[in-house]
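We call the chains A, B, C and D, going by the order they appear; numbering starts again at 1 in every chain.
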Amino acid sequence: MADVFPQVAEDFAVDALTGDGLRLRLKVAEKHLRPGGTVSGPSIFALADCAMYLAVLSRIGPVPLAVTTNCSIDFLRKPTAGRDLLCELRLLKLGRRLAVGDALIFSDGTAAPVARATATYSIPPDRPSPTC
Amino acid sequence: MADVFPQVAEDFAVDALTGDGLRLRLKVAEKHLRPGGTVSGPSIFALADCAMYLAVLSRIGPVPLAVTTNCSIDFLRKPTAGRDLLCELRLLKLGRRLAVGDALIFSDGTAAPVARATATYSIPPDRPSPTC
Amino acid sequence: MADVFPQVAEDFAVDALTGDGLRLRLKVAEKHLRPGGTVSGPSIFALADCAMYLAVLSRIGPVPLAVTTNCSIDFLRKPTAGRDLLCELRLLKLGRRLAVGDALIFSDGTAAPVARATATYSIPPDRPSPTC
Amino acid sequence: MADVFPQVAEDFAVDALTGDGLRLRLKVAEKHLRPGGTVSGPSIFALADCAMYLAVLSRIGPVPLAVTTNCSIDFLRKPTAGRDLLCELRLLKLGRRLAVGDALIFSDGTAAPVARATATYSIPPDRPSPTC
């Protein structure tokens, strides 16, 4: 993270690696907020995108040219003020050329999700074939 | 913008209002970049989201509770290094309850889009009915 | 189903109601197939859309004007030939105005999903407020 | 179309090839309708998906393994009863591995779109490189 996303690496922490993905924390700070204390949409996008990136690279190793090709987010509820956000990322497919993951995003300590997202990653050719 | 997005308002400039939307500029700076000079995904998301917000509010006036409910982005090409990004936002629907807009995002001076996005806004009830 | 979708009602069967959604079966027949035995994309779309419709209406009752406003599908793997498709639909939000659900779609008897989808429903105003 | 989509080929007609895509017509018939005369969501999905397929293959030739990987649709307005639907498909990217297209869908004779869609196609490797 420090190499690839130097401006934002310290905003995130991996809380857990899971069987099919990981849980990533956004350490919410002033710069992530909108007036009223809501975490901004771009900050939630960044959390989902970063979780997807880390989940893919945790399985296939560092691949500099892997890129997000699509991300679709639904914003469901206002985040709880003063809480970190947690992203539960689950890889649904990890193919040779494309990876797809689903993310649910929660305010820390709250059961109802504040957002959901799906991200697609394109993986460069000429790599060994992972299975998922 | 200064009221609602104080942390990012100075990153953006409205280049033009158009018949069905507007053109918004992201004044690309160091904080928007990934290693290699590419504009980050969250910065492109923020540009599309902000363009949608401004296009809706330019038609219905300031509505504090209007919120993005969905945003889907396709990343098509690597942005040109050292160039601002321009977002051409077109409102496809501006109803009483939902607004939907399409965005094409270009590196300034380049014809092939670097991304496209669609955003949906939810508009609070009890407002006069716009037409579109 | 017979009232609202008379042309397709007999293609579907509710296998189970779950705590946060339901499981819907597409009884795959010749008309759903592409050459090679793959279930067509529109048939998979119809399964997800119908599951969302039934999940929402199972909670709020028959609401004639509830409509899908967005559906996003990722096609992950080729369906298994000669098998029904099962859609696990989970409601993520059931608000007064919008409902959002996630769907995972499987070939019957297979663990890896063939598709995932998210659907948003718009619910007409002037209804009692459900909670979810 | 007759080879690949034998069950539905006669439902569609290419009205025009355009510089960056094509215009496809859905010849609306009883089987495409919901009660009230609205064209069904799956029929609109099929129109967008088919337009994308034809636009890609009109540029790269018949590629049996090209598949839709993602399709996102926004339903904007009720289609006009008794009218065909027209899909204006524009290719935004036609790369070696992925193609992305935007679709606007209209009731014939009406200016406001009834739906918009974006589709992504995955193109098998080992093919000559098109440019777009």
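Note that in this section a contact is a pair of C-beta atoms (placed from the backbone, for glycine too) under 8 Å apart; a residue touches a chain by one contact, two chains touch by 3 or more.
Here the structure is a predicted model, which means the values were calculated and not measured.
Sharing over half of its contact pairs with C-D by residue number, the repeated interface among A-C, A-B or B-C is A-B.
Chain centres here are C-alpha means, and the one lying farthest from chain C is B.
For the pair chain B and chain D, the distance between C-alpha centroids works out to 26 Å. Note: centroid distance chain A to chain D, computed from Cα atoms, is 31 Å.
Centre to centre, using the average C-alpha position, chain A and chain B are separated by 22 Å. Counting partner chains per residue, chain A has residues 69-70, 72, 74, 120 touching two or more of them. Residues 72, 74, 76-77, 92-93, 100, 102, 104, 112-113, 116, 118, 120, 132 of chain C are the ones that touch chain A when the two sit in their complex.
Interface of chain C with chain B (complex): residues 69-70, 72, 97-98, 120, 122, 125. Against chain D, the residues of chain C that register as touching in their complex are 3-7, 31, 33-35, 40-43, 45-46, 49, 67-75.
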